[in-house]
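Chain naming follows the written order as A, B and C, and within any one chain the residues start at number 1.
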Amino acid sequence: MPIIEVNELVKNFRTFRRRSGLWGSFKDLVNRKYEIVRAVDHISFSIEPGEVVGYIGANGAGKSTTIKMLTGILVPTSGGIRVQGLVPYKQRYQHVKQIGVVFGQRTQLWWDIAVIEALRLLQKIYEIPKADFEARLKKFEEVLGIADLLNIPVRKLSLGQRMRCDLAASLLHNPPVLFLDEPTIGLDIAVKSSIRDFIKEINREYNTTVILTTHDLSDIEHLCRRVIMIDHGRLIYDGDLKSLKDRAVGRRRLLVDFILPIERPGLEKVLAEYPVEMESSNPFHWEFIFDRKKVAAPEIIGQLLSKLEVRDLELENPKIEDVVREIYTQGRQVKP
Amino acid sequence: MNRLAKYWAFMRMGYLTYLAYRFQVLMSFVSYLLIIALNYFLWKAVFAKHQVIAGFTMEQMMTYVVIGWSARTFFANRIDRMIGDAVRDGSIAMDLLKPTNFQLYHYFRAFGRAVFMFLFMTLPIIIVASMIFPVSLPSGKLGPYLFPLSVILSFFLHAGISYLTGLVAFFTRNNEGVLRFKQLLVEVFSGVMIPITFFPDWVQKVLFWLPFKYIAYAPLRIYLGMEPLSKVHQGVLLQIMWIVIIYLTGQIVWHYAIKRLEIQGG
Amino acid sequence: MQLIGVLFIVSLFVKVPSLKGWHKEEIFFIFGFSQVSLGLFFTFFSNLLELSERYIIEGNFDRILLRPLNSFFQVVTERIYWEESSTILVGLSMMSYALSRMHLHLNAGDYLVTFGLVLAACTIYLAIFTILVSLTFWFNDRGSVVSVMLMLEGFSRYPVTIFNRVVRVILTFIIPYAFTAFFPSMYVLGKNKYSIYVWMTPAVALIFLSLALLVWRQGARAYESTGS
């Protein structure tokens, strides 16, 4: 039985349009003009216990709005949500007791008090038995390396430190479902990878269901087998990560720095046999865009290295924005 | 029991938060002493030619000023501002993720602050001010006992008014205007600024039907022993009545507010 | 929230005819004068009060230092707070109410002098707050000293004669709040025994402003050398 069920979910926002000028602001007072913006547009999916699902989409696609409805913060305009059999916004109390949430840009701790005080407060709020609390705290101290941070006020923590404490806080009550909204935003590689490892471990050990939104495809690659992708509030993909990438990310970008300057005709000669587009901001730096179904990256790299002197090169990871664009230009809804 | 532990924990947090701002508290302490000093000189000038004004003698007025402003440090709260800020910057989401009664969460968090303020502001101000300015002890039979109770009730009354003001942010996004208006009403009509007997009669009649004067004016009358026994009881009962009315209103408004919440992002 | 002070004085005079020999109208005039000069300061110069938060903590002061202009001038003029001009309006109405009730007829010269005195008074506010705000260049404080000084501003709205000697001396010579309303008001109210203080007002303004600029310069220098 699915642990999360979402059925034809819709969320409209009313935005208030300000008119300009003094007369306009007066008119605003008397008669406000609203515009309806549909942030989430008939989305349906279901998630089984123990799954780790990446919920992705470009900026403003409606990811956070969905998460906020799933966590009971926002009330849907229409459609149904059930998480562990509860309707989040109707049974907010019971619901939030059984989920853990981390918003990358916010903290659930309290700014001015020490981390340990905040965690103890959460113990009281979630009515966690003392023995359980101590045991989990001890585990998190080890795995997340937060033992030294406990006596520091939250406002004095760095982003990475705070995020590790926030993760610990969200899991103190051992929730069956964990929502992570951009948990790695702004973090350096080391912290990112320790957070990914931690999420993996929690999922393995407690069979925790994890829903993760992110900008960073590498988060998804490390953690999720399944991906749900939305754009302009609509679901455009739900299925395997690998097949999404295979289908969608045809175009790749190779960035190359040359030791000697080179102009377009020269490069065109070198790469004459390969279907490649090129762009450049200066003759030392060129970017090659190619379709990986037509040509493989190693072929182009090999040709360049054998003919020219290359200082550095980088094969760009596909960005979520690229994936969305690709799926869009293909003009079809991809179903697994 | 667990429920109680929860709200006890909120108080503790409110208390701890202010420990982080000791310097600001010290400065605030100085500010309060300055206000009291200014009021002292003003009332001294006012009473230079009169024995009794608006039912107050010079001695009563001095006590009223010192106790009134000290009590204000205790019953003041920032609930309206905190809710407004949280709605505006979206951190309200984090509050909603906690399995608690939002209203009681704010009441008790603010009460923790009030306990802090009582220890580090109210008491020190009363002690220092009574060494400099003439202050009399609570008078009448009931003053000493009922005054503390009445001020604690003032806290919850004011907390309720601030909470309702804070909820406005759910509907209008920016509650700054309402917040300032509420602040004006409380400052002027609670009686801290000036006893309400100084207002024209029609204003006093209107105030009878509003909760504001039960925040400061009523408790201070009890302190000064200016009310007969029956009126003291009546005052305390009216305080309790207003607290209940405002609490229930808060619960009802919350029901609508939560549906109106729009949080930006994503 | 300046309105609270106004409501206080209005309510007070419902039951009280005079304050230690000062009539309601005179008190209103002094009070109004203080609101006008304070309102001018708030409207045009209160960006100064953002120094600790917006400029030093958020790091915008570095941007200021990059421009080839006086840093004080830049911070003070970077933003105008038109919403604060309501205080000026409240003050002006109190002054004109008082004038009309006292049947004082001022000629053009009197208005000009009063206007000059208002500017001087506003300059004194600017100087006092500049000195205080400059302290944040050295001390890591979030402007709470400023809040104390705003509270103390209440003392400038009343005749200094209602205070005891210590307070009078402080308000006249140390924190010259008496020159922001009471002394300059004496020109219009025609109390000749204060006329020397009336004419001292511009001098006090200039002296304190020079002092303030000096403190600011030292502070900005201290900031540049530590960069904190």
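Following the convention adopted for this analysis, contacts are C-beta pairs under 8 Å (C-beta built on N, C-alpha and C of every residue); 3 or more make two chains touch, one makes a residue touch a chain.
Every value quoted in this text rests on a predicted model; they were computed, and no experiment measured them.
**Q** Per-chain C-alpha centres versus the global one: which chain is nearest?
**A** The most central chain here turns out to be B.
**Q** By number of C-beta pairs in contact, which chain pair leads?
**A** Top of the contact-pair ranking: A-B.
**Q** At what distance in angstrom does the C-alpha mean of chain B lie from that of chain A?
**A** So the centre of chain A lies 44 Å away from the centre of chain B.
**Q** Could you tell me the distance, in whole angstrom, between the mean C-alpha positions of chain A and chain C?
**A** Inter-chain centre distance comes to 52 Å.
**Q** Based only on mean CA positions, could you tell me how far chain B sits from chain C in angstrom?
**A** Comparing mean C-alpha positions, chain C is 30 Å from chain B.
**Q** Would you pull the chain C residues touching chain B in the complex into a rising list?
**A** 1, 3-4, 7-8, 11-12, 14-16, 18-20, 141-142, 144-145, 147-148, 151-152, 154-155, 158, 162-164, 167
**Q** Please output the residues of chain A touching chain B within their complex, sorted ascending.
**A** Within the complex, chain A contacts chain B at residues 13-14, 39, 59-68, 71-75, 89, 92-94, 96-97, 99, 101, 103, 105-108, 110, 112-114, 117-118, 120-121, 124-127, 153, 181, 213.
**Q** Taking the complex as given, what residues does chain B use to touch chain C?
**A** Going through chain B, the ones touching chain C are 23-24, 27-28, 30-31, 34-35, 37-38, 41-42, 44-46, 48-50, 53-54, 180, 183-184, 187-188, 193-194, 198-200.
**Q** So in the complex, the part of chain B that touches chain A is made up of which residues?
**A** Residue positions touching the partner: 2, 5-6, 8-10, 12-13, 16-17, 20-21, 90-94, 96-100, 258-259, 261-263, 265-266.
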